[in-house]
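Chain lettering (A, B, C and D) follows the sequence in which the chains are written, and residue indices restart at 1 in each chain.
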Amino acid sequence: MDMSIRIFITGGTFDKEYNELNGQLFFKDSHLPEMLELGRNLVPVETRTLMMVDSLEMTEDDRSLIAEHCMKSPEKRIIITHGTDTMAITAQKIAEKVRDKTIVLTGAMIPYKFGSSDGLFNLGRALAFVQTLPPGVYVVMNGRYFNANNVRKNKETGEFEELHQGI
Amino acid sequence: MDMSIRIFITGGTFDKEYNELNGQLFFKDSHLPEMLELGRNLVPVETRTLMMVDSLEMTEDDRSLIAEHCMKSPEKRIIITHGTDTMAITAQKIAEKVRDKTIVLTGAMIPYKFGSSDGLFNLGRALAFVQTLPPGVYVVMNGRYFNANNVRKNKETGEFEELHQGI
Amino acid sequence: MDMSIRIFITGGTFDKEYNELNGQLFFKDSHLPEMLELGRNLVPVETRTLMMVDSLEMTEDDRSLIAEHCMKSPEKRIIITHGTDTMAITAQKIAEKVRDKTIVLTGAMIPYKFGSSDGLFNLGRALAFVQTLPPGVYVVMNGRYFNANNVRKNKETGEFEELHQGI
Amino acid sequence: MDMSIRIFITGGTFDKEYNELNGQLFFKDSHLPEMLELGRNLVPVETRTLMMVDSLEMTEDDRSLIAEHCMKSPEKRIIITHGTDTMAITAQKIAEKVRDKTIVLTGAMIPYKFGSSDGLFNLGRALAFVQTLPPGVYVVMNGRYFNANNVRKNKETGEFEELHQGI
């Protein structure tokens, strides 16, 4: 079985850094390679940055671009790092277009560079789920995987939950 | 499907701390609860410490005790944190005795408290694999899962690898 | 000699945290007590929070309040944690009013909670300089101490420097 | 006034790392340059590694070598990073031989690489004290400076204290 994994980077809290000159958060380079090394990852992965945006500023064109890359990718297993605010929307958009691959979206509530990030934990889980889940589009947050058609971020708690129980 | 997960803690590098009075590494409390909170884990888990030992000092009696706990546990999904040096041996021992549960052993090359640990990454992966792999006993290290009967730690590189390719 | 030290907390980058629900930086509690414990500090210090503000939003009234607290404090040695952007202005304001005490202002370019902070380093230096410098008002940044009347933050580089060389 | 500072590195807990292949602590390279950069240090310093040893294994020859380097150094201000266990002994040895320079010994109770180190704090303080204290040999630990002839490490508490009060 071909286990090679494609990781598409789109930005999000995951990769934000602190600009010490103006006190703003911004994107520079992705921390994915550093995180994979830290995790002593030996599963073959290919990483590609598609964009570096806050997911609240992601447009429909951006989402089409992401879906298109998923379609064209030769790998059958894909991870997408993504801001949490609109992660569920992007997941649904991809699910409409791609059906024969295992695609996992994940992100973080706290930037990796800020020390107490959940990003390392989530990346670890995404890498595991993408190897074992059947074809489909999933959101991996809070230690769980959610079907793209049954997930939302609860804005009050910051936690992901199912739209409908028992599906 | 009952998704509740049991975590058995046995010690290992994962949970080692630095004793600043004598410069030795030692075990105090497990960092599992802190790590699960950091990862914003919402999957129901029950944690129990069985022992706190360096896996080089683990005896056959210790391994029997761990296997017994796996047999008696009502949960069908079990994670065991374990020192890496003899993790493969314990996995084989459990695999001889338990066949109807998904059991994942994981650990760390660097203590969690030492900042650049792979433990958080591995715990994330173990939590994902234990939810999706079929019944069996597995070692989860280096981003991969290995069957208990086909894994060893390469002492030169510190990496886990298959005993036989193509199995 | 009375070595007891007063620390006044006014906010600044030093104490900023990341709000994971809205992605903004904000103030909650000061990290000073945690930092002093981490540094195994045994010098007697008394900590008091005067305000928790970004120094760009600090008003003249705020500065008068800080100066007043310095005047009334029974301790002869005072540290003030402060945002870097207007630290030099506050230092000058205090220097006009207080002459018989050793007062050191310090801060950080990166929040302490973001892992790679210079705050711990600067707090260590402020605690040392305040014990040994003669009465006066000083800014302690970049490993150096500056007289309140001869210091500015270079907005391009983020570094502190003397207004006039050779003074 | 010439403010250039010499830092002599001798090892100690400060610079220990964790060897993930055998679980032992060891010395590789010094973390001083990384720590100075993290602290945004702009005071001119020259760093030189004299040895990399646990201070319990430091010999009389080692101490003579350190004292000799202090004597020959053109800088009038010297910091020595040193293991805490015999720091006071080395300080006394240097004090017998060097009288016209400000020499500060400092170290750490926890390795810098282990995340919660007091080393960054202590290095900050040493850099400040060495700029302001009169000629003499000092131990800088626990936020305080001690005269080389009146200091010991309390083995029970791990804290530094005066041999005789009121000196």
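The criterion applied here is as follows: a contact is a pair of C-beta atoms (placed from the backbone, for glycine too) under 8 Å apart; a residue touches a chain by one contact, two chains touch by 3 or more.
Computed from a predicted structure; not experimentally measured.
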Touching both chain C and chain D: give me those chains, sorted by label.
none
Where among A-C, A-B or B-D does the C-D interface show up again, with more than half of the contact pairs the same?
A-B
Compared with chain A, which chain's mean CA position is the farthest off?
D
Just the number, please: Cα centre separation of chain A and chain C in whole Å.
40
Centre-to-centre distance between chain C and chain B (centres being mean Cα positions), rounded to whole Å
46
Centre-of-Cα separation between chain B and chain A, whole angstrom:
26
Residues of chain D that contact two or more other chains, please.
109, 116
Quick check of your reading of the touch definition: is the inter-chain graph here a line, ring, star, complete or other?
ring
Would you tell me which residues of chain C are touching chain D in their complex?
35-36, 38-43, 109, 116, 118, 120-129, 131-133, 140-145, 159
Residues on chain D engaged by chain B in the complex (per definition of touch)
13, 16, 18, 20-21, 23, 25, 54, 109-111, 113-116, 155, 158
